[in-house]
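Each of the next two complexes has chain A plus one more chain, namely chain B in the first and chain C in the second.
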Partner chain A sequence: MIGKTTNQRAWLLVAPVVALVAFNALIPMMTVVNYSFQETFGDNVFFFEGFKWYQQVLTSERFHASFGRQLVFTGVILAIEIPLGVAIALAMPRSGPWASVCLVLMALPLLIPWNVVGAMWNIFALPDIGLLGRAVNGMGIAYNFTQDPVSAWVTTVAMDVWHWTSLVVLLAYAGLCAIPDAYYQAAKIDGAGAWAVFRHIELPKMKRVLTIAILLRFMDSFMIYTEPFVLTGGGPGNTTTFLSIDLVKAALGQFDLGPAAAMSLIYFLIVLLVCYVFFTVVMRDEEK
Partner chain B sequence: MSLSWMAWTWPTAVFFVCIALALAGMTIWELRRPGGGARRGVLGLDTTRGDRLFITLLGSAFIHLAWLGLAGPPVWAALGISVIYGVAVFRWV
Partner chain C sequence: MARITLERLRYSYLADPAADADWALRRIDVEWADGGAYALLGPSGCGKTTLLNIVSGLLRPTRGRVLFDAADVTGLDPADRHVAQVFQFPVIYDTMTVYGNLAFPLRNRGMAADAVDARVREVAAMLDLDGKLARRASRLGADDKQKISLGRGLVRSDVNVIMFDEPLTVIDPQMKWVLRSKLKEIHRQSGITMIYVTHDQTEALTFADTVVVMYEGAVVQIGTPVELFEKPKHTFVGHFIGSPGMNVLPCGIDAGGVIFDGERIPLDVSTGRAAQEAASLELGVRPEFVRFSDDGFAVEIAKVDDLGRHRIVDLRRGGHVIRMLAGEDDAIPSENPRIRFDPAYTRVYRDGWMMAGESGR
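After this line comes the complex of A and B, so read on.
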């Protein structure tokens, strides 16, 4: 039997990371927990309030509304981006020069900074000077994302689909490229049609990458801030005020640090729960 | 260096000390009985002691939030439910 050598000094190698995480994550997190139980008017003067802010946030219509909008937004973009990404990946060539061209084109939106995406779509969709805005209005459809909630939602969703479907495409494409030719040859011998090949070969083989794609898109869209903030600023009214925008409004706009801290911790716990569920699903699939 | 900006209170300090003690306790447990006590529980998940602590803490947080949202403070009852939940997780999950 081979004896295993254990060297605890290896822990020293991770000490810098531990110190870094302590400074950029743990200490701010502890501070947020402390703030969530207190009221402050600045100048480092705090008044203990107990669970008041948590109860206030959990029972507030404002939080329910922004949480609902967040869920709807995430659900809508997942329902569009995942099937669309898979469809585009299926349509892309697997080899030859066009494969490289397609991959570069797909990667382009991912390289653009989020605030630039928001600014681009803002100008692009403006009803008076934007190409999209003028074209849609020219077709006789009343479109003004700065005043009409439906237009604002459509523009925000379109912007996110434009920006992030590529990620799903690239992941799905990687999954498709990893399928050995023998599977397709066997399907051809069996006389399987395109749908049968997709249903019984491609989709099961893409399961793991699609799980990761769903996880990434869920997390990103659930924490989305920059793009809708630059595009609509959360408006018109509060119709595109998602959780993170609402949180920033409470913390920095109204300086309600206690309720904002409670809200951010609730937000964090929801994200952590979903992350853990996805992680468990992925790990269970890998074990199988 | 002043830490007044962190706005410490006794209840939050006690909370974090409890978390730190739980982690220290888990470390000692692991040193005494290495291997993490891995097993497949009632949920069909392969869990170690660390996983079970995480599930306990995360679940307890949601039990407290649900209690605050539905009934409001005090949260002693939620703490009691969380303890029962934690024992159940460590026993069966």
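After this line comes the complex of A and C, so read on.
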């Protein structure tokens, strides 16, 4: 290369970023890696344990149960939020004053802090004083999310759908708005019906934004903590104890730092793996 | 196949148009014969696309009617009008193969699979797409994509008219003329009426038998390329068509001819009312019809641009610039240049419009 110079001072320029990343990601993570291979009884005394904690976590009934619950929960909310979000986006006006009104209404749930959402739904769904709880019980359906597992699940799912469908709506809406008019006009001239327009124009054009929506919703729901913690605290029993709630119980409730650290790394690797596989598959399809 | 008549057509994008400027189309009366090749030419924003969308049914006219032969189709949807439209940017269905794209309009109309197959293959051959039928349409270049857009119109045997909305905008220059001659060829083969919207005069003049020139929401002239060149009905047509455009110079008029800057140019003009009324009078002469001549009037030479095969000479007379096109071998006098306008191609315009009764030839 002509005129290429080597200058070690360039390291100085990236030093702030290196420091930042080190302190907020690398060092905490390495601490967790450190814990996951050792046993401690306090007083900074550690014993090396190898893969013992990993084996323990991967074979434990408790982890299987909360992992299973997590998969079902994420599956259910994705199956509801993605189609519902697309449907709402399709129904929203593309222009005019109502478009802005709809956008603001849609953005509202996203602006509410997560613990507030949990608290809101907790009060809203209380069987004795909550509007929803009273109404459902008034219709003759036995509903009590603090005692009945089915009620607890329905409430948790409803809360997540209420909170996060908007995100899918906004992404899908942005995708829809980016489709040039000519596509709709050509489809009209080609005699395409509403379903054909959706199947061959709108859905393919939304593919990228929906990929992002699914990834975001997968990651967020897979790591959900605050809302179910405030709403049900993981109960009744352990029926709504998802992975992160379980993890906190192990780490802070029981202070089993080793197993908790191993569990969080397994947890992290699962999220990473699923996202990677999903993204690769979608993007490979795009290349074809 | 049908004759297309636009009757007292007006269109506004506003809910209740009042002023003249509110109308995107002020008043359009046009008749397009069956099987013709027409170009709709005009600057950006003159209403060409609006007019096209009214013919295809994507827009409903605010006033007036659209007739296909004798049938009033003003209220019909695009699919029921049997029209095809090719847009500025290629529209293809990403999920489908080239074959699927071409078959789409037929499948939507519930045609039997073997009939669809025969028709798709026939059209693909016409467009030189037969080798690419199995490929995903989204992987092709812009020119092939535009061919697919056109093909989706051609596959339907009941198409009354194919409309093109600046279809070559995104095509590479060397592919432009290939596609344009392909279009002409398809027009000859199929005999379908084609309406081609463009702001590029070369495209319009090479494609069309008849050119419709639009300006500010109105049709200013309909004619063959030769008519537009030799007898522009409006000074706008004179400016817009031809390169460089027509010279438009303020003038007076009397029984003996036209008076420009004190010089009388003999022309047989009907003086009549026009001379007495305080209308603005202009004479128009194309640079091609300005000649150096000793019996003409005196000018100064301001500038000569050599373009290779010809030269553009900027002449000055009394604060006005007159452009002249001189051939490679034409001598440019160095002293006391004098010019004259060819009377057969000099027109007089009153308020922008060519005066009736004025001699042409």
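Here is the rule we use: the second predicted complex is superposed on the first by the 264 of 288 C-alpha atoms of A that agree within 3 Å, B and C clash if a C-alpha of one lies under 4 Å from a C-alpha of the other, contacts with A are read in each partner's own complex, and residues count from 1 in each chain.
Heads up, the rule we're going with is that a residue touches a chain if its C-beta (ideal position, glycine included) is under 8 Å from a C-beta of that chain, and two chains touch if they have at least 3 such contacts.
Since the structure is predicted, the reported quantities are computational estimates derived from the model, not experimental observations.
When the two structures are aligned on the shared chain, A:Gly191 is found in touch with chain C, with no touch to chain B.
In the superposed pair of complexes, A:Tyr54 makes contact with chain B only, with no contact to chain C. In the superposed model, A:Tyr276 lies in contact with chain B only, and not with chain C.
When the two structures are aligned on the shared chain, A:His200 is found in touch with chain C, with no touch to chain B. Using the contact criterion defined above for the overlaid structures, shared-chain residue A:Gly138 touches neither chain B nor chain C, since it reaches no partner. Of the two partner chains placed by the overlay, neither chain B nor chain C lies in contact with A:Pro113. In the superposition on chain A, A:Thr40 makes contact with chain B only, not with chain C. No residue of chain A lies in contact with both chain B in one complex and chain C in the other.
Taken in their complex, chain A has these residues touching chain C: 180, 182-183, 185-186, 188-193, 196, 199-201, 204-205, 288. In the complex of the two chains, the chain B residues touching chain A come out as 4-9, 11-12, 15-16, 44-46, 54, 58, 61-62, 65, 68-69, 72-73, 75. Only residues 53, 56, 58, 77-79, 83-85, 87-89, 91, 93-96, 104-105, 108-109, 136, 149, 152-153 of chain C touch chain A when the two sit together in their complex. Those residues of chain A lying in contact with chain B across their complex are 27, 30-31, 33-35, 37-38, 40, 44, 46, 48, 50-52, 54-55, 58-59, 266, 269, 272-273, 276, 280, 284, 287.
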